[in-house]
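Quick heads-up: structures coming right below.
Presented sequentially are two complexes of chain A, the first with chain B as partner and the second with chain C.
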Partner chain A sequence: MKIDAKDMQHRQLNMTIRDAVESGNTGLELDNVNGQRYIGGGMDGDVKITINGTPGNDLGSFMNGTEIIVNANAQDGIANTMNDGRIIIHGSVGDIIGYGMRGGKLYIKGNVGYRVGIHMKEYEDKVPVIIAGGTAGDFFGEYMAGGIMILLGLGSDNGVVGDYVGTGMHGGVIYIRGEVDPRDLGKEVAALEPGEDDMKLIVPLLKEYCGCFGFDFDEVMSRGFTKLVPLSHRPYGEMYVY
Partner chain B sequence: MKCDGIPSGCAISGMISETGRRVDGRAVMKSIACMHDRSNGLGGGFAAYGIYPERKDQYAFHMMYDDFEAKEATEEFFKEAFNVDKDEPIPVHRENGIHNPPVLWRYFLEVPENKLRFISERDYVMKTVMELNSSSERAFVASSGKNMGAFKGVGYPEDIGKFYKLEDYRAYIWTSHGRFPTNTPGWWGGAHPFTLLDWSVVHNGEISSYGINRRYLEMFGYRLELRTDTEAIAYLFDLLMRRHRIPLEQAVMALASPFWKNIDRMEPEQRKIATAIRQVYGSALLNGPFSILIGHSRGIIGLNDRIKLRPMTAARKDDMLYMASEESAIRTIAPDPDKVWSPKAGTPIIGILDDGVE
Partner chain C sequence: MAVQLPAEFIVNVDNERCRKCKRCIVSCGFSALEFRNKVTPIHRRCVACQRCAAFCPEDAITITENQMAYKYNYSWTPEIRKNILKQAASGGVLLGGMGNPKPYPIYWDHMLIDACQVTNPSIDPLREPMELRTYLGAKPDTLEFSGEYGNVKLETELAPQLKLDIPVVFAAMSYGAISLNAHKALAMAAKRMGTMMNTGEGGLHESLVSYKDNIIVQVASGRFGVTGEYLNNSAAVEIKIGQGAKPGIGGHLPGVKVGGDVSKTRMIPAGTDALSPAPHHDIYSIEDLSQLIFALKEATGYSKPVSVKIAAVHNIAAIASGVVRAGADIVTIDGFRGGTGAAPVVIRDHVGIPVELALAAVDDRLRQEGIRNRASLLIGGSIRQSADVVKAIALGADAVIIGTAALIAMGCRLCQKCYTGNCSWGIATQRPELVNRLDPHAGADMLSFLLNGWSNEIKEVLGSLGINAVESLRGSRERLRGIGLDEQALKILGIKHAGIGQ
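The block that comes next holds the complex of A and B.
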């Protein structure tokens, strides 16, 4: 089912989407989206939403199982506290994406902004995944508490990731394709060489990711990865104790 | 006009035609309206450059008065301080959502030569603005530059734009702001842009170094009377770039300084400059989250704080440079830009009028 979102306020658009899903539609295509917030917010079930245009902030926030495909760039706060489902962005995105994310997958073709995956977390089988094909701004994985983040930096030889990577990180794992300048690392992370188990973890994810965007998997794997893990699970446990 | 604490993020959008093509206010209004939800109706405003070409050599003062008594008193002051070539009400039309507007009047002023024996013309105008804003509780200068003006007030920005009939103005630079005041009152004089001479600033964020910046600016004769942190940014640009003649790149280094650890990584010559700037202008450092657009007579500057705590997207299409808090606010007026990007923290985006543009 197609919905023309031109000049629609976000409330109106999101109500139209919910009504369409409640009446049994499982495939929605939104045309002329521009800036409407909260699309897919809190939605669950086997629904696929295709967005043509630039969606507004907090795309897929609290989402619990839907699939969203965006055929454009997207803005800030994507997958805020997302619980399950998959978001695929055929473009670049803004800041604080995956904020407090606790499940599901967020795949971005291009660049990502600042503070990606801030406060991301995991619990048992709920392990959120963010993969970005381009470069990232500062504070990648800030205060990260769980989950998996992979940054590929395709088409970029150096400076794949910004400064203060993993500052305050105390859980989860980050894989960055290529080298990371140690001066850009937060004090709370260690850089390691990925082992066999790491490859077992990321190869299926990367295959799925490449499939979404038509990337050449072998080319993605043609460079090694740097693995970043937290040094401590309680980096600030002593901060206020003297 | 002044009121006390209304508890309460923000939206900014701006554009420049670098070839000096003047476009009317409908595009900037449409852009800022796209981000309606970032504001709460307690402030909206616009700065426009190139709007008074027939009087481009005169200072255009946009004034806000609580009442006609304040207007009369200020006009006495103007007669003494300037040659008043023309004065007229700023055209408005009543719009839903705009309540209790002040008396809005504009003046086209020249500085008499006998005032300039010991002071430059622009310093004189700056002093006059400071004096006006600090001497009366009922009269405020909304803008004081040449061939430019600020149009601001309490309301949503799209309503403020309609109120001021911005569709009737044509400008080569536009900036706009939708306010969501959090720390300071929403009142007419406190709406963005904040201006002085040709400088105008619209700001999303908060300046937590306001106290330090304010005390520093006061040493150079600035008086901060508008009860909002953003005011300090406008005066810092005036101090650093106009009065101290510091090039933009270094002025930005003072306001959004590189961290010491990054200065240590610079080439020796660059490191010397950055160190000197931080040492001399430590009190001009803007701490806290901000994304700002600065308008001036020759262009527009977009700048984020050093760790990008506020959003900013930029785009180019032909002769136009656009900057806004959200990409959608650009795409609503330029659906198919040549290039879209997110500026890096602490790195200015600069739009400049071509040399030939008058």
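The block that comes next holds the complex of A and C.
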């Protein structure tokens, strides 16, 4: 089903989407999207939403199992507290994407902004994944508490990530393609060489990612990765006196 | 060389009366009593939570302050010297529990309530109906009707409202900071009394889902246990920006307290610190706050009021105005005497302002700007008794929140050691043997009795004021008078001094 989002306010657009899903539509295509917020907010179920145009902030916030494909750039706060589902962005995105994300996948073709994956968490089988093809801004993985983030920096030789990577990180794992300058790292993370288990973890994810955007998997794997893990699950455990 | 700090308290066991039943030893969550042929206190471990004394069948235990532990000095109090010694030994940040215990002015105790005499008769609440019901949520600017006499229809779409049978709501306290049994007791009492409990930022345990119509779910920066399902298992959603006990700083549940069920409810691995820093990382402006408010409204289909909880700080009136304009249906304001499971003492005791002044300033500001109807005001952070509730409503609150008072009702003796997780009363602990001490049904009874008592008292006061609904009291500051307050305080509170007539 096609929905023309032209001149629609977010509440009206999202209501139209919800109504369409409730009446049994499982495939929606939104045309002329231009900054409307909260698309897919709180949605669950086996639904696929294709967005033509640039959606506004908080795309897929609190989402629980829908698939969203954006054929353009997207803005801030994507996958805010998302619990399940998959979001694929054929472009670059803004800041604080994947805030508190606890499950599902967020695949971005291009660059990502600041504070990506902040407070991302995992619990048992809920392990969120963010993969970005381009570069990232400062505070990548800030306060990260779980999940997997992979940054590829395709087309960039160095400096693919900003400063303070993993500041306050106390769970999860980050893989950055190529080298990371130690001075860019937050003081709560350690840089390691990925082992066999790491490859077992990221290869299927990267194959899926490459499939989404038509990237050459072998080319992506032609450089090594740097693995970042937290030094402690309790970074501030020693700070207090009782 | 490590020097031990002097004991704060001395546990006196009357061995004449003691019949060596050892109940006190089992009672103590802090292992401050041992049995060595007789009950032997380890004074240094005692926190004066009184559990042993309360359960001694012979009344053989008394606890006293260890007065000479620090020689008297007006400036260098025992507390200050103890803190210096602790920090000199560890380099840590001093942590405290519960609310600010310092002797700052309590404005509730400097306000007096009016009563009717002769010319405007009072009402007898024993035989006249008294309405304590109140609704929280945005109220429309105008009401539009259609139709004719006998067939009138309301055309204005009303915003979702929270219905309260008593204008007292249980304050946000997370599962993790307090025990599951305490959470259950709060939920049961809220349902029984027609009010709300608030999950705090620790998620909603699955056993409480059936109480969802009486639950406000909280969303804080750490997003613990927040899912679409969680948001919808509620009567309202609250965004936590600040807390009276620790304005401007976040929450931090130590990993040692994140055990099996807490871990499951918060949806984080066991043993991980649950960090919930002060700023929401997507909120740096009123516009950003508005974005989260509407993200939550979208996720709940605009079916529930969204509250924003802020701590009472110097510029509270302007902040509250911004929060209302951002789209909050309820603004919850927590004063600097509000409680906490854990806060740095330097913040708890020195940051923020009394909620009485904050409430008066906010209500004034919202009225001046013509937006008071757009949001309800829930206030807390030192509501101790029904008189405080009445005064708060007369100052302009729609309803109040109680945290500390609710915990006291369930047994808390204000030892202020919540952060240790050793609460002998089964409230602020996750140790199973301690949690089991608090029977949720008994806790719910105690909470319900407390609210029932307050409810009858509020009705008495309303009757004496000659009004029959709590709605009629709201913002009626003419019915309050100040006592022992200076001009400035009277001006901020918007009340006259006692002795001045109309």
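What we mean here is this: the second predicted complex is superposed on the first by the 239 of 242 C-alpha atoms of A that agree within 3 Å, B and C clash if a C-alpha of one lies under 4 Å from a C-alpha of the other, contacts with A are read in each partner's own complex, and residues count from 1 in each chain.
Keep this in mind: contacts are C-beta pairs under 8 Å (C-beta built on N, C-alpha and C of every residue); 3 or more make two chains touch, one makes a residue touch a chain.
Here the structure is a predicted model, which is why all the values come from computation and not from measurement.
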(Q) With both complexes superposed on chain A, which partner does A:F62 reach: first (chain B), second (chain C), both or neither? (A) second
Q: For A:F225, decide between first (touching chain B), second (touching chain C), both and neither.
A: neither
Q: Using the superposition on chain A described above, determine whether A:G35 touches chain B (first), chain C (second), both, or neither.
A: first
Q) Taking the superposition as given, does A:G137 touch the first partner, chain B, the second, chain C, both, or neither? A) first
Q. If you count the residues of chain A that each partner touches, which comes out higher, chain B or chain C?
A. C
(Q) Between chain B and chain C, whom does A:R18 touch in the aligned arrangement: first, second, both, or neither? (A) second
Q) With the two structures laid over each other on chain A, which partner does A:H10 touch: chain B (first), chain C (second), both, or neither? A) both
Q. So, A:D76: does it touch chain B (first), chain C (second), both, or neither?
A. both
**Q.** Which of chain B and chain C A:Y107 touches, first, second, both or neither
**A.** neither
Q.
Tell me the contact category for A:R183 with respect to chain B and chain C: first, second, both or neither.
A. first
Q | chain A residues contacted in one complex by chain B, in the other by chain C | A | 10, 37, 57, 76
(Q) Quick check on the complex: what are the chain B residues that touch chain A? (A) 34-35, 37, 261-262, 265, 307-308, 311, 313, 326-329, 331-332, 340, 342, 344-345
Q) Where on chain A does chain B make contact in their complex? A) 10, 34-35, 37, 53-54, 56-57, 73, 75-76, 92, 94-95, 111, 113-114, 137-139, 163-164, 183
(Q) So in the complex, the part of chain C that touches chain A is made up of which residues? (A) 86-87, 89-95, 219, 221-223, 226-229, 231-232, 252, 254-255, 263-264, 267-269, 271-273, 275, 277, 281-282, 291, 294-296, 298-302, 344, 419-420
Q | Partner chain C, residues of chain A touching it in the complex | A | 10-11, 14, 18, 37-38, 41-44, 57-58, 61-64, 76-77, 80-81, 83, 96, 99-100, 102, 115, 118-119, 121-123, 126, 142-143, 145-146, 168, 170-171, 233-242
